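The same chain A turns up in both complexes below, where it pairs with chain B and then with chain C.
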Partner chain A sequence: MSDTTRNRIMLVIAILMAAIYLFPLYWMYITALKGGSEMFATPPSFWPGDPQWGTFGYVWESRGMGRYLWNSLVIAVGAVTLITVLGVGCAYVLARYRNVWVDIGLFMILMLQVLPASLMVTPIFVGFSQLGMLDYPRLAVIIAIAAKSMPFFVVLVRATFMAVPMELEEAALVDGNSRVGAFFSIVLPLARNGILVSAILIFMQAFGEFVYSKSMIQAAELQPASVGLNSFMGPNTNEWNNIMAYATMYVTPILAIFVLLQRRIVSGLTSGALK
Partner chain B sequence: MKRILSSVRDGRGFDITLVAFPLAFLFLMAGLPLIYNVVMSFQEVDMFSLGTFSRPFVGFKNYTDLFAQPETWPILGNTVIFVVGSIAGQFLIGFGLALFFWVNFPGASWLRGLFLVSWVMPGLVVGAIWNWILSGDFGVLNFILKESGIISSNIFWRSDPHFSLYAVIIANVWLGTAFNMILLSVGLSGIPGDLYEAAELDGANAWQRFWTITLPMMRSTIGAIIALGLIFTLQQFDLFAAITSGGPNNSSNVTQYWAWDLSFRQYDFAKGATISVIMIIFVMFASVVYVRSTRHEVRG
Partner chain C sequence: MTNQIELSGVNKHYGAFHALKNINLSIAKGTFVALVGPSGCGKSTLLRSLAGLESISEGELKIAGELMNNVPPRKRDVAMVFQSYALYPHMTVEENLTYSLRIRGVAKAQAKKAAEEVAATTGLSHLLKRYPRELSGGQRQRVAMSRAIIRHPKAFLFDEPLSNLDAALRVHMRKEIRALHDRLHATSVYVTHDQIEAMTMADHVVVMREGVIEQQGKPLDLYDKPANKFVAGFIGSPAMNFIPAVAGEDGRSLTIDLGSVKHKIAIDHQIQPGRKVTAGIRPEHIGVTAPGQGTFDVPVAVVESTGSSTFVTAATTPELTIVETGRGTARAGETVGVTVDPSQLHLFDDASGVRL
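The block that comes next holds the complex of A and B.
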């Protein structure tokens, strides 16, 4: 068997496996386009006979999705900004030095990373309500997400900084740059891509965050899209085409970002988590 | 004052400033809640004492009350099933896929990356999709299983207490498989190729090469991935909220959902904190295993 035939066969099998794996995603898009009776037909149709494009506009209007997505965006952008501002410097220092203190710091950061949000939300909620921070629920959620996700960001960005040769920075210092100058004009530009990819990963996580928002944001007009989707799915719902249309509009921007930046995201992810 | 300023601009002070703020933030927002959680698990907390710090201490009463409740042990059992089932499924399917994509063919790395969409999607959306796929009367999974002759009548995945936990496990396996596969691929690509050449010259077949080279060389990767899987599985909350809400009758409830349910549905914050403390000890144990198996990376 020649190499090209083998490659073709492998590719066909790979595409087949990807198709099976991604079937749930396909089912979401297809269901969103089905009408009320087609949705419950037996046997189910695997291609919409009469695509209902109007569902999207109807769900967008009736569920107030603009507001939900806006809140998701505010929370995600806020969390990413806070994490980036705080986390980049921390990752830089942890990458630059190698001693016992760095090891201890990294160990503690890893420990904080693993605490499940649904368990930490109890003390955070009680503490925040005592401090009166629940009057600004979106800010409270941003801070909670930042505390949860920053360790992950620091670990990823630290791997990026480790790849920046220290000699470059030392050369800048010899040339008369201050530490601040060398950091901003040499190290940061070189690590920019890695920081960007990590920030995008954090953004995608924060955009779909649920536990903190569900627990801390009571006012419906401040809730993000994940909480909106949860309240859309009652226990005995039968509006599955509408729910899938909601899910489609929620998830498609994230999927678009991911498919465009796939290669970088995957390599950024693997460099940090384990090597 | 001037000396401090110049040190911040151009010396050790620069590093200390950079690292002090994030660590202080993490301590305030993650470390303190952790301590507060332990304190609350020894207190009596209700809606009236929620706003004050001076609550009566009750010793281990919350813990003994918790284990006197009839649902506690079944829920702990569910958690074990959920963790073991999810990790086994994710790891085995992920390993199989990683081995398949290890054979280099054009398009392999791009297709492999595509699998990761399951991991970047919001958990609530994944839950919603699986909720619909697993639906009893009109779910497409029941249709496929029936057509292929595996089952003869519809399984009510979400409302049958015998299946509700497995419904969430199926969704969670789907969610985590891609992540397992990507990390295992990284581990596989780190094995030097000449080991296999040598083994082939010695006449080892594919099966023997897998058992004597691949598995031993992957040991630390596998350890790290299983530990990570344990950490992620114990963090899984969204799927429970989206598929079964822990029901029917706690048959699919697990501790991380139960803790939230006690705090925010039944307003029993002390019990919620108590379960949290117990679970956090488990999670920390897992993360020690994880840190140990990636230690060579952490040390740089």
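The block that comes next holds the complex of A and C.
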């Protein structure tokens, strides 16, 4: 088999795989545009015959999506800010010091990552309710998400810090800076890309978070879009086009961020983004 | 002359590992000191202790008369050039140069002027706006040097600064660093594993092994009178020949044992009769003559010529290396006579390696 033939076969396989992965997304978009009868047509149509653009406006208004997305944004931004402020310092220490206690700390951090949110939600709920934090349900969710996603962030950012050579810091120390000054003027600027990428990944996770929000936020006007989408669905749901229009409006911004930044994200994850 | 750097009884432990063992070293103001030794000998640890990047476990460390044991690096006023140069990748050359000044609160215009002055002396003027990644290895090296110069520190510390350069540039930079040192009337401590760098650049060479200073002194003193077998083998290239030998009954002669060749040679000082010693002779101190004309004859195994000199390896045990100046007369497979001048022989105790 010649190289070009093999490359072509590989390409076909790659396209096929991509098509399988992206099919649900495609189905979401076309279903959102289909009319009531077209949705249930057999055989299904793969392109909407009569695109119903009005569905989006209708869903946005009737479900109060602006409020839901705002809540999602508040929760995501809050969680990312909290995680970044606390996690950067933690990751730096774990990157620079090597001893038994650091190893134990790292192991504990990874253990936290293993526990699923649905397992953690009950004790967190009880604890928060005792502390009276459920009176500020969005803050409660932000803290819960921060606890859940911090390990992921710390592990990623630690790798970034480890890619910053120790000698640069030592040079800064000899040049007359303090440890803290060297961190802010040398290490942080060099690790910026890695931190940014990790923060974006955390943001996207937090933007779609469901379990904590569903259990801790009772008031509909404080719920994020993920919970709003869930409350849209019931046992007898048949307005799939409206649900898909909701989903479209929910995920398209995240998708857009990812597409715009995907090169940076991939390189940030693989190389530590330092040269 | 006052001592710029003074170390007395310095020890350094990393857990159970004893990295520096009772180091005593005085560095006079304006001298260029080379710390040399094989990797893991503690020379870098010693340098880093001077910079304050490592703390010493015991002893006293003084810079310009002040006790520096627990003073953080930023307050020691020393400049360091790292092996990897450690240029700040996110800053331009100018920002790299002025970093230390800006931390000290020097006015922007003044810092810029200082950078321009230093850059002019090191040939970096046209590169001030570039980033380190846009520079060649040699240029980066210059930036690292300039970053140290701009501060007028109490001492310059060099950590193998030339090891990442190619051979030709290395030889060139050797001279340049030395010239710079003289021009600035600086005090420099230079770590290297390359004994040629140490010999050619330094006023004072410190040979270290396993955390111990084996010998220190002027470069040629170390070459002429190595204190022990280790220093003798480390200083000089190609390395000194070591031949097992036994002192004769009169104590004025030696029987050297080269496997197939055993020969009795006179020595110029008295040693204990029958004592087992190691005789050291530098390759460049052995002469080649026609068979039967020299002190003794050896079979030739390999002849390597560099043009300016010829390396002859004799087929003996241990192998004997001889350096002839210019085109050699020896041919591989033949037998040649060799001449050994007794005054050029170094004798070391067989067990301890100490010079006799």
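In the analysis below, the second predicted complex is superposed on the first by the 253 of 275 C-alpha atoms of A that agree within 3 Å, B and C clash if a C-alpha of one lies under 4 Å from a C-alpha of the other, contacts with A are read in each partner's own complex, and residues count from 1 in each chain.
The criterion applied here is as follows: contacts are C-beta pairs under 8 Å (C-beta built on N, C-alpha and C of every residue); 3 or more make two chains touch, one makes a residue touch a chain.
Keep in mind that this is a model prediction, so the values were computed, not measured.
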item	value
Clash-or-fit label for the pair chain B, chain C on chain A	fit
First, second, both or neither for A:Ser62, with chain B first and chain C second	neither
Partner chain in contact with A:Trp27 - chain B first, chain C second, else both or neither	first
Partner chain(s) touched by A:Ser45 [first = chain B, second = chain C, both, neither]	neither
Which superposed partner A:Pro165 touches (first chain B, second chain C, both, neither)	second
Per-residue touch tally on chain A - higher for chain B or for chain C	B
Which superposed partner A:Ser231 touches (first chain B, second chain C, both, neither)	neither
Three-chain overlay, vertex chain A: chain B-chain C angle, C-alpha, nearest 10 degrees	90
Partner chain in contact with A:Ser178 - chain B first, chain C second, else both or neither	both
Chain B versus chain C - smallest C-alpha distance in the overlay, whole Å	8
Set intersection of chain A contacts, chain C complex versus chain B complex	178, 274-275
Sites on chain A touched by chain C in the complex	165, 167-168, 170-178, 181, 185-186, 189-190, 274-275
Residue numbers on chain B that touch chain A, as the complex places them	9-11, 14-15, 17-19, 21-23, 25-26, 29-34, 36-37, 40, 45, 50-53, 97, 100-101, 103, 105-118, 120-126, 128-133, 135, 137-138, 140, 143, 147, 174, 177-178, 182-183, 185-187, 221, 224-225, 228, 231, 234-235, 237-238, 241-242, 245, 256-257, 259-260, 263-264, 269, 272-273, 275-276, 279-280, 283-284, 286-287, 290-291, 294, 297-300
Chain A-facing residues of chain C, complex	51-53, 72-74, 76, 78-80, 82, 84, 86, 88-90, 99-100, 103-104, 133, 147, 151, 157
Chain B contact footprint on chain A (complex, rising order)	6-7, 10-11, 13-15, 17-18, 21-22, 24-25, 27-28, 31, 39-40, 42-44, 86-87, 89-90, 92-98, 103, 105-107, 109-127, 129-130, 143-144, 146-148, 150-151, 154, 162, 178-180, 183, 201, 204, 207-211, 214-215, 225-226, 229-230, 233, 235, 240, 243-244, 247, 250-251, 254-255, 258-259, 262-263, 265-266, 269-270, 273-275
